[in-house]
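Labels run A, B and C following the written order; every chain starts at residue 1.
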Amino acid sequence: MRRISRCLLLALAFPALAAGAARDTRLALVAYSTPKDAYAQLIPAFQKTPAGQGVSFSQSYGASGDQSRSVVAGLPADIVALSLAPDITALVQKHLVAQSWNQDKYHGMVTRSVVVFVVRDGNPKHIKTWSDLVKPGVQIVTPNPFTSGGARWNVMAAYGGALRAGRTPKQAQAYLAQMWKHVVAAPASAREGLQTFLAGRGDVFLAYENEAIFAQKHGQPVQFVIPKATILIENPIAVTSGSQHKQQAQAFIKFLRTKPAQRIFAENGYRPIIKGVTQGLSFPVRPQLFTIKYVGGWQSVEQKFFDPHTGVMAEIIGSNGG
Amino acid sequence: MIGRYAVRFAALGYLTLLLALPVGYVFWRTFRHGFWPAWHAVTTPDALHALKVTLILAGIAVPANTIFGVLAGLAIVRYRFRGAGVFNAVVDLPLALSPVVVGLALLLLYGRGGWLDGHHVVFALPGMVLATMFVSLPFVVREVVPVLREVGTEQEQAASTLGANAWQTFWRVTWPAIRWATAYGVVLTTARALGEFGAVSVVSGRLAGQTESLTLYVQDRYQGFDEVGAYASAVVLALIAVTTLIVMTALKPKKEAR
Amino acid sequence: MAARAEPLPGRAQAAPALAVGVSTLYLSVVVLLPLAALAWHAHGWSSISSPEAVAALKLTLLLSLVVAVINAVAGTAIAWTLVRDRFFGQSFVNALVDLPFALPTIVAGLVLLTLYRDLAFTRWGILAALLFVTLPFVVRTVQPMLLELDTEMEDAAASLGASRLATFRRVILPTILPAILSGVALAFARAIGEFGAVVLISGNLPFKTEVLSVYVFGRIESGDPGGAAAASVAILGISFAVLLAIGGLRRLVTRHDR
């Protein structure tokens, strides 16, 4: 009799034990700073789905480059959600993320945005196009592209904008040099840049649409203009190769690309990667939108423009010395 | 006669512009929407946890550096060992070193690929504790050393010849001479530990609810456009600072009277 | 009367030896080991000679020098007012001087940023931040000297017909000069490495408003820890050199007095 009841207990215990093991899954999410509000809503939403039952999260938010470097330096992570692909490529090079991370339908991306001009109330200097940025007396604030990886979107948007306006690559580079002469502050990160601008510095701040919307949501008096020619920002996400919970991590990423999740992203100022979730929200289509591929793709751009010694921007910033 | 008023006016004016006005302004910004919004801002789970982390960091760093401070003071002054000069200089290093550099050094030592990799030091509390210990190291030593020098060894030698062992000599003779200086040093150490930002920022990993100290929290709130949150947390830190000031002021005459 | 620091008689040697051993071990683990890792990883010496680094160095040295000079004057004036003057609220002001010691640097930066918006992101803003954090140094080194100062010499000078200014220049100043220099040295060392107070307010524009500590931070951010380490070691070297120089100057002045 005792043996039967013991077997019975074990048989009953087994699924309970298995469920208990699943309940103990803790995913480490390492992300850049802007989507913090979005993930505060997305994580509970995921936990309500069958795939998310019993999954808890530890979260770390900071500047994208910082976070990438922290993971390299040993910060534990199951999922990395960063601002631009090169910050993930840095992890691929250290074998912390699989090389195939972007071989899916979405090329590894989870959200989108565009580069915009944040201007003063009423846009007194009528800044609408990239040429307006280099008019006499216009003061620009942009994060330093060597400390803020995200700031590289701004530079490539400017470069691509010049190309779209009919300039040759050489002329577009000259435009970048001209533009940098108008820069009066180059804070370390996008968020600091916005605060610098809001504190009264400069006439225009080069930002990402989602950053500008984030600021508006938090009561900041932010007005922005989207230039006709601007770059499509794409934010990547990946599972780390050292993750002990790859299945659940993949499930989370899959969830982030579903309609309900993309809707939450959209409500937080991001352009979604799927259609049909933007009712009631305003994400104007820009006629001369281009992607990073238009200006050469990240690999070539990183080397050509942002190499710390030989890059175009290194030369421009360096020659502005004094 | 005029000279006296001129100097007084200039000195007080300088202090007002540089200290009083900015600090007063922060208090105003914090409470201008009322007391309760500020209170709510500093009693969120993240804020309370940040306070807890800060208190843990100080709670470990301060006692450790106090014991070290007294021992090092004794070592430098009473025991002429070779390299005492270098030792003394190294103790002063944390004062000259930029906190960011401290964080970088810790990352290079304990991070992935570092010499002491794999002990879960960085991106966790131990790393933050080490950073805090580093930056607040010199204060007790610097307070104790001059006192030990001035007091001299006569009484200690007398105790020794009367048969007291080392511990008795220390406890009965040396400690009463240095205790107020030590206390003053403890207060300075505490202030430094509570206020550390740069070094801790580099090694923390910013794990929400886990490795955020109150100073990091201030920056986090500020960057999230949460003005009330940022200023309210800053006020908490400022109040702790003011308390520290009061204790320092109370201890000074005792320290100097000795 | 200061006693010489003599080693204790034989029986008591063991305890100080233990003190030396333990404190040296602690110091090594907490300070020396991370710094060794830093120095070891410091490559990219070429990055220190890059135009941006040199510009940051120049700006840092310039600002720190200006800060040192202003502190020498303002600090002495404040110390004078606190010692030689009598006014209502004096003890409050006296306590207030220690506020920058107690206040976390990030709060100081936030405070100055909010109040002096127009200064923000300019060199003046950085100057204000550095003045804030270095305020107590000269005041606190000069104050005890002034307290101790015998007024006999001043009275003698006055009775011989010297003006107050001459009295100050010929009698008082030489006596307190070593103290001023000590305070200046500390202020300078602090200013060179300051990060937390400066990072918010500086604007970080390379060649214009980027100081060395922020430059180091930028090197880390750009994924160049080797360059950051090299620049940090450079900062350390400069601090040391300047401290030694000021210390030498101080000894020179003191010796001259005798």
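Here is the rule we go by: a residue touches a chain if its C-beta (ideal position, glycine included) is under 8 Å from a C-beta of that chain, and two chains touch if they have at least 3 such contacts.
In this text the structure is predicted, and so the values were computed from the model without any measurement.
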Problem - Chain hops separating chain C from chain A, counting only touching neighbours - result: 1
Completion exercise
Greatest Cα-centre separation from chain B belongs to chain A
Completion exercise
The chain pair with the larger count of contacting C-beta pairs, comparing B-C against A-B, is B-C
Completion exercise
Taking each chain's mean CA coordinate, chain A and chain C are separated, in whole Å, by 41
Practice task
Using mean C-alpha positions as chain centres, tell me how far chain B is from chain C in Å, no decimals.
Solution key: 16
Exercise for the section: Could you give the separation in Å between the centres of chain A and chain B, each centre being the mean of its C-alpha atoms? Expected result: 37
Fill in the blank from the handout: Check: chain A positions touching at least 2 other chains come out as 192
Completion exercise
Expected list for chain B, residues touching two or more other chains, is 107, 222
Exercise for the section: Identify all positions of chain C at which a residue touches two or more other chains, and write them in rising order. Expected result: 200, 217, 220
Exercise for the section: Spell out the part of chain A that touches chain C in their complex, as residue ranges. Expected result: 63, 65-66, 69, 90, 144, 146-148, 183-188, 192, 196, 199-201, 308, 317-318, 320-322
Problem - Interface residues, chain B side, partner chain A - complex - result: 107, 111-113, 117, 122-123, 205-208, 210, 222-226
Handout entry: Sites on chain B touched by chain C in the complex
Key = 3-4, 7-8, 10-12, 14-15, 18-23, 25-26, 29, 64, 68, 71-72, 74-75, 77-81, 87, 90-91, 93-102, 104-109, 114-115, 130, 133-134, 137, 148-154, 156-157, 160-161, 165-167, 169-170, 188, 191-192, 194-198, 202, 215, 218-219, 222, 230-231, 234, 237-238, 241-242, 244-246, 248-249, 256
Exercise for the section: State the interface residues of chain C toward chain B in the complex, per the touch definition above. Expected result: 2-9, 11-17, 19-20, 22-24, 26-27, 30-35, 37-38, 40-41, 74, 77-78, 80-81, 84-85, 87, 91, 93-108, 110-112, 114-116, 128, 131-132, 135, 144, 164, 186, 189-190, 192-196, 200, 212-213, 216-217, 220, 225, 228-229, 232, 235-236, 239-240, 243
Problem - Complex interface listing, chain A residues touching chain B - result: 33, 36, 58-62, 70, 72-76, 191-192, 195, 214-215, 218-220
